[in-house]
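Have a look at these structures, which come just after this line.
What follows is chain A paired twice: with chain B in the first complex and chain C in the second.
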Partner chain A sequence: MNSMEGLVTQIQGLSSTASDVLMLQNLLKQANDSLHAESTRLLPFLDQLDPSKHSLGYLYFLEACTAGPITKEQASSYVLIIARFLSSCVSEQIRLASHKFISVCKRFKDQLVLLGEPLRGVALMLTAIRKFQSSTEHLTALHPEFLLLCLLAKSYKTGHSVLEEDIFEVDQPKDLFLYCYYGGMICIGQKHFQKALELLHNVVTAPMFAVNAIAVEAYKKYILVSLILHGQFSTSLPKYSSSAAQRNLRSLCQLYFDMENSYSNGKIGDLETYVQSNKERFEHRLCIFYQDNNLGLVKQVVSSLYKQNIQRLTQTYLTLSLQDIANTVQLSSVREAEMHVLQMIQDVEIYATINQKDGMVRFLEDPEQYKTIEMIERIDSSIQRLMILSKKITLTDELMSCDPSYLSKGCRERQKFDFDDYDSVPQRFNV
Partner chain B sequence: MASSSSSGLTFKLHPLVIVNISDHYTRVKSQLNPPPLTSTSATVNGVENQQQAPRVYGCVIGVQRGRTVEIFNSFELLYDPSTHSLDRPFLKKKQELYKKVFPHFYILGWYSTGSDAQESDMHIHRALMDINESPLYVLLNPAINPTQKDLPVTIYESELHVIDGIPQLIFVRSSYTIETVEAERISVDHVAHLKPSDGGSAATQLAAHLTGIHSAIKMLNSRIRVLHHYLVGMQKGDIPCENSLLRQVSSLLRRLPAIESEKFQDDFLMEYNDTLLITYLAMFTNCSSTMNELVDKFNTAYDRHSRRGGRTAFI
Partner chain C sequence: MDGEDDAPKSLMEEMYANGIEGVDDAPSSSTSTTIRKNRPIISGEQLDIEAYAALYSGRTKIMRLIFLADHCDNSGMQLEALRMAYDELKKGENTQLFREVVQKIDGRLGPNYSTDATWCAMVDRKADQRKDKLESELNAYRTNLIKESIRMGYNDFGDFYYAHGALGDAFKSYVRTRDYCTTSKHIIQMCLSAILVSIEMGQFAHVTSYVSKAEQTPEALDPPSIAKLRCAAGLAHLEAKKYKLAARKFLEVGPELGNSYSEVIAPQDVATYGGLCALASFDRTELKNKVIDNINFRNFLELVPEVRELINDFYSSHYASCLEYLGNLKSNLMLDIHIHDHVETLYDQIRSKALIQYTHPFVSVDMRMMADAFKTSVAGLEKELESLITDNQIQARIDSHNKILYARHADQRNATFQRVLQTGNEFDWDVRAMLLRANLLKHEYNLRASRKI
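The block that comes next holds the complex of A and B.
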């Protein structure tokens, strides 16, 4: 106990300037094992430390405290302590002990899940992320935890605010996978299918040496979202996805691929029977769709088929009666057809006018003339963003050209080809 | 040989003269057969150094009104190396022809090319003194110096100075300004913007065009900034208020906008948007191509199973 007391006084003394803090860090590293040994008795010492001034020391103590298994009663008290710490800690100090901070936050999340109150942690995790990341483009291990809390608490809006930022730096690949997967799910929950598609696409095409479970799950959702949004799905993955993904993902998600086939026929009856049959076939084994928790999405896919069919009609007809629409799309009544078309006009998916007197729908062109000042501003801002992105990509490209593994492999391959062959290893020098 | 002239005459040079001289020189140089030797090969055939930079000669004509001498035009003359003088009968004939077209123009002097005025030039200079009692000597330096900011043209006058007790005629430098007429400005513009190397391709012409516009706008911007700074100072009270200047600024501002109608606005916005869209598209293409290369490099470096044993199928 004396060593603990001594440690506490040292923390209190050495937490003022940056050099002192570094010294303190060394001391704490050495004392780490003794801290863990005393983990059950550290709680009273925490009261002597102030989290805003002695963040580093507090963090070490806290991490040692929460290291062991925790019961439900302890969990609620710990949650309060950690909450107080997260809201008042200082970012420079906690960045010095990043692993400990991450593990403390993870345990915080586990305890909240244990208590069944994920909503309490959402705002706190957000502050923790903001204090921990070095810039808004930095993806930390805390991001997926935060998104998981948002998902469990169904607070999609807060999660969405974090997803808005572009990521350029990642700490660990697993973070990226989880982040994009959870992010995709949050966007699906908010019905932002475009953004969900992007995020899921990132998971599927991320570099990986062997297929991992997250990618498989993401791929299944990816197929479904792509069907909802675009009405079609390209079966081959783009060139920048890893070869492991290209070869293996298809076989693991065969069920969804077949679904895509019946979707593209455009007949709602076929699709529904397919879904039904798969539900029944695996019912005693908990049907596949349900097991993947994708049943909700699958139902949305089915309803989106109507939309795709109506949209296909806009390309053939200029005007069409509601009765004809109902017949072609296999809707049961005129009223349903009208509801569908109205919904689509509201969502700006088609441009049309409904004449209620004679039940005719007239399909119009996109009224955007591209002559307005708002359009100018939009294009201008897009160009600016693109310029920034282009600079970043050129930088990464140059870094890549100097990468030793690239140079060794690239140069070796060149010798096999004649000069007439297509140059598979591009070597363009930026002038 | 050169100090500054003390005759008090102001010289105005028209760009046509400069273009003429440079044209003459370029023509003679390119028509030389064999082509002039470079300095390295000159050491092998040490004799033919003269060939390196052919000198061209001609006359400059213009008007002298009071103390202002304005040089408008020039024509070429043949130089007779045996007598070290210009071809006089030819000069007379040309002079008569020019008199018919431009009755007001007189022969003001002569021109030549080279890096500096030489002793032999005084000979020619003296010979011309019977036509014009104080002729001018315009010298163009054809060496291309990319760091040089001014025009490589110098005007020399002759003055009688006493050197070592002997009165001698020597060349003294005079300052001059460039004066243009509207028609000349257009032609100079035209010449300046067609680069000699590959002026035909659309890309360089577009780039040259845009560069011109860019520099023009930059200059306009800096001048407006000066005005703005001045007005802000006046507003704050640091500078005394000058009403005449304010009136001028206000009249300048009232000149714009030049057109204000709905149709103009429509067309203007449409064209603006089109240009922006094309820029956007160009940026996109550029970005995509960089991305593509990055992906290729990444795949080569890190993808274990792809590039081994021959290339994958490319289109």
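The block that comes next holds the complex of A and C.
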């Protein structure tokens, strides 16, 4: 007890300036084990500490408290404590003990899930992320937890706001995989299929030495989203994806590949029978946390086939009767055909007018003339953005070529490759 | 073109009608006037087997007759063909083929046309004797090392094997003469023999290589040989489905061919194959320059007036009569050994070209008139046009309500803008993904490096 008391006073004393905080950190590290030993009795000490001023100390204590198994009643009280802490902690101090912070947040999430109230944690996690990140381009371990909470709470918009930022720095590959996978699911929930495709593509083509389960699940969703968006799907992964992925992913997701085959035939009847016959297998592709299992996505794929077929018709016909559309696309009635076309016009997927008197649809050209000011602004902003990106690339390239590990490896490998490729690397390099 | 001299009104009518009246005119003009002089053999009427077989000689005659018998439905024609094959085989020494033909006849032609075992045995015995003789002669020549004699020896061997139907051995023997060829004439002779055997075997890759080999010694080539080589090359291209090249080769064949290559091909065939391939693969200018204005080829086309008529009809846009000629010719073309499996493809290509050429000069086309011109229904025409539009061979749109086809030209400016924006987006995405992956790799590498240390 005395050591705890002493520790508390030291925390209170040494939390004011940066150098003091560093000293405090060393002390706390040494005291870590004793803290863990006393974990059950630390709760009252927390009241003596103020989270906004003594964030580092509070963090250590909190982490030790929550280290053991927690019952449901305890969980609710802990949730309150952690919530207060997260909203008021100071970012410089918590960054010093990043592992502890991450584990506290993870436990926070677990407790919320246990209590079945994910919505409470959404905003708090967001603030936690903002405080923890060194820059908006940095992916932390907290991002996937946050997205998970958003998914469970179905607050897709908040999740989406985080996804808007570009990520360039990653601590742990696993974080990235989870982040992209959950992010993809959030985008699917909001029907932003293009962004979902990008995120899932990142998972599937990321460098990995062995195929992991996240990549497999992501690949399945990737196939489905690709079918919905583009109506087709390239069966080979791009060259830059890892060899492990290229070899193995296909065999693990055979069900979805076959679906793609029946999709490309364009016959809605075939596709529907395929889905029906494999229904349980689609349903089992269910991970315990998520509401949108793949069956929902699969149904969307089936309905998108109608859209693809109608799109194809716009290429060859100027006007077409609703009856003919219903026949070609294999819809059951004229009314259904009209509904589909109407829906597509409203979603701005095709440009057409329906003449109900004759039962005719007239397909129009895309009215965009590319002459407006908005269009010019859009092009201009695109150009600016791309120029910034290119600068970033050249910068990264320069940094890489000065990196000592690259240079040493390049030296060693030099004999194996072409002279020209390795011209920029010195003959000998000793670190 | 036909209507140029008439008054404008009848010119318009003729353009729209597109050869519907022409159908009545055509048979009278082509067949009745020229009919007695030079009866066309490959024509719309039923094939006259005797006349057909008279065009060829040697092994190809027999093969063609057998093919005819296998593929035609009319049993009368079948038996006629088999009978002629039997007679022809009796004059030769190929007992293997003889037995095959007898089996096919199956006793239907009476006792005169059954297995003549004595004849077979006699021929086989003679063959063995001759073979032994040739072998001993060849050995003698080989010990004497006289190049010319060795070459002649191998040549004789080749001829012997060919006559007996052992085509592989024949080919090998002919090829062996290569080492003993001294003058370019010898080389030409070897090449021609090799080409002949290869065509019979159906190995057209050899044909192409030997044709090019022969063409490399131009000084010894007399015009008939040049013509023969071009025919062979054309056949090789036809088999390889390269219709444009085949057409060009056939069109270059000069009139010196005459009947000199009857072991392989008849001038009527040159005209038919060349004409059809040209029609299926040439564009309008090439068709005019190389076929219609080609004086040499005109001589060949005279032998098959229906093909000549159909080419002219196509060029002058009388599609209905052109397609009708094609339909008539089809049954006879299916009985020809070289072109029978290409007929469908060529016909489809010609029909598509006709459709495309019809729509090309117009901004809008009434599909009902077009369907009349092509003798199909409007619905069928719509399906065909739809597939052509999807393949991007016609730039148009169908107004299904009024049944009109409207030409459509892509707006370059809009398309460019669209592509620009799309490329920008793709670049953006690719670069961001790439930076992310680079970061991951760097992290992996650092991790592994730190673990090693």
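We take it that the second predicted complex is superposed on the first by the 384 of 431 C-alpha atoms of A that agree within 3 Å, B and C clash if a C-alpha of one lies under 4 Å from a C-alpha of the other, contacts with A are read in each partner's own complex, and residues count from 1 in each chain.
The criterion applied here is as follows: a contact is a pair of C-beta atoms (placed from the backbone, for glycine too) under 8 Å apart; a residue touches a chain by one contact, two chains touch by 3 or more.
Remember, predicted model here, so these are calculated numbers, not experimental data.
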Touching partner for A:Y370 - first (chain B), second (chain C), both, neither: both
Touched partner set for A:S321, first chain B, second chain C, both or neither: second
First (chain B), second (chain C), both or neither touched by A:Y240: both
Which of chain B and chain C A:L43 touches, first, second, both or neither: neither
First (chain B), second (chain C), both or neither touched by A:L389: both
Touched partner set for A:G410, first chain B, second chain C, both or neither: first
Touching partner for A:L176 - first (chain B), second (chain C), both, neither: second
First, second, both or neither for A:P207, with chain B first and chain C second: both
Touching partner for A:D380 - first (chain B), second (chain C), both, neither: first
Overlap of the chain B and chain C footprints on chain A, listed as residue numbers: 207, 240, 370, 375, 379, 382-383, 386, 389-390, 393, 396, 400, 405
Residues of chain C that touch chain A when the two form their complex: 386, 389-390, 397-402, 406, 411, 413-414, 417, 420-421, 424-425, 427-429, 431-446, 449
Residues of chain B defined as touching chain A within the complex: 266, 269-270, 272-273, 276-277, 279-280, 283-284, 286-287, 290-291, 293-307, 310-312, 314
Complex contact set, residues of chain A against chain C: 166-173, 176, 198, 201-202, 205-207, 240, 312, 315-321, 324, 358, 360, 363, 365-366, 368-370, 375, 378-379, 382-383, 385-386, 389-390, 392-393, 396, 400, 405
Chain A - residues contacting chain B, complex: 207, 209, 239-240, 242-244, 370-373, 375-376, 379-380, 382-383, 386-387, 389-390, 393-394, 396-397, 400-401, 403, 405-406, 409-410, 413, 416-417, 421-422, 424-426, 428
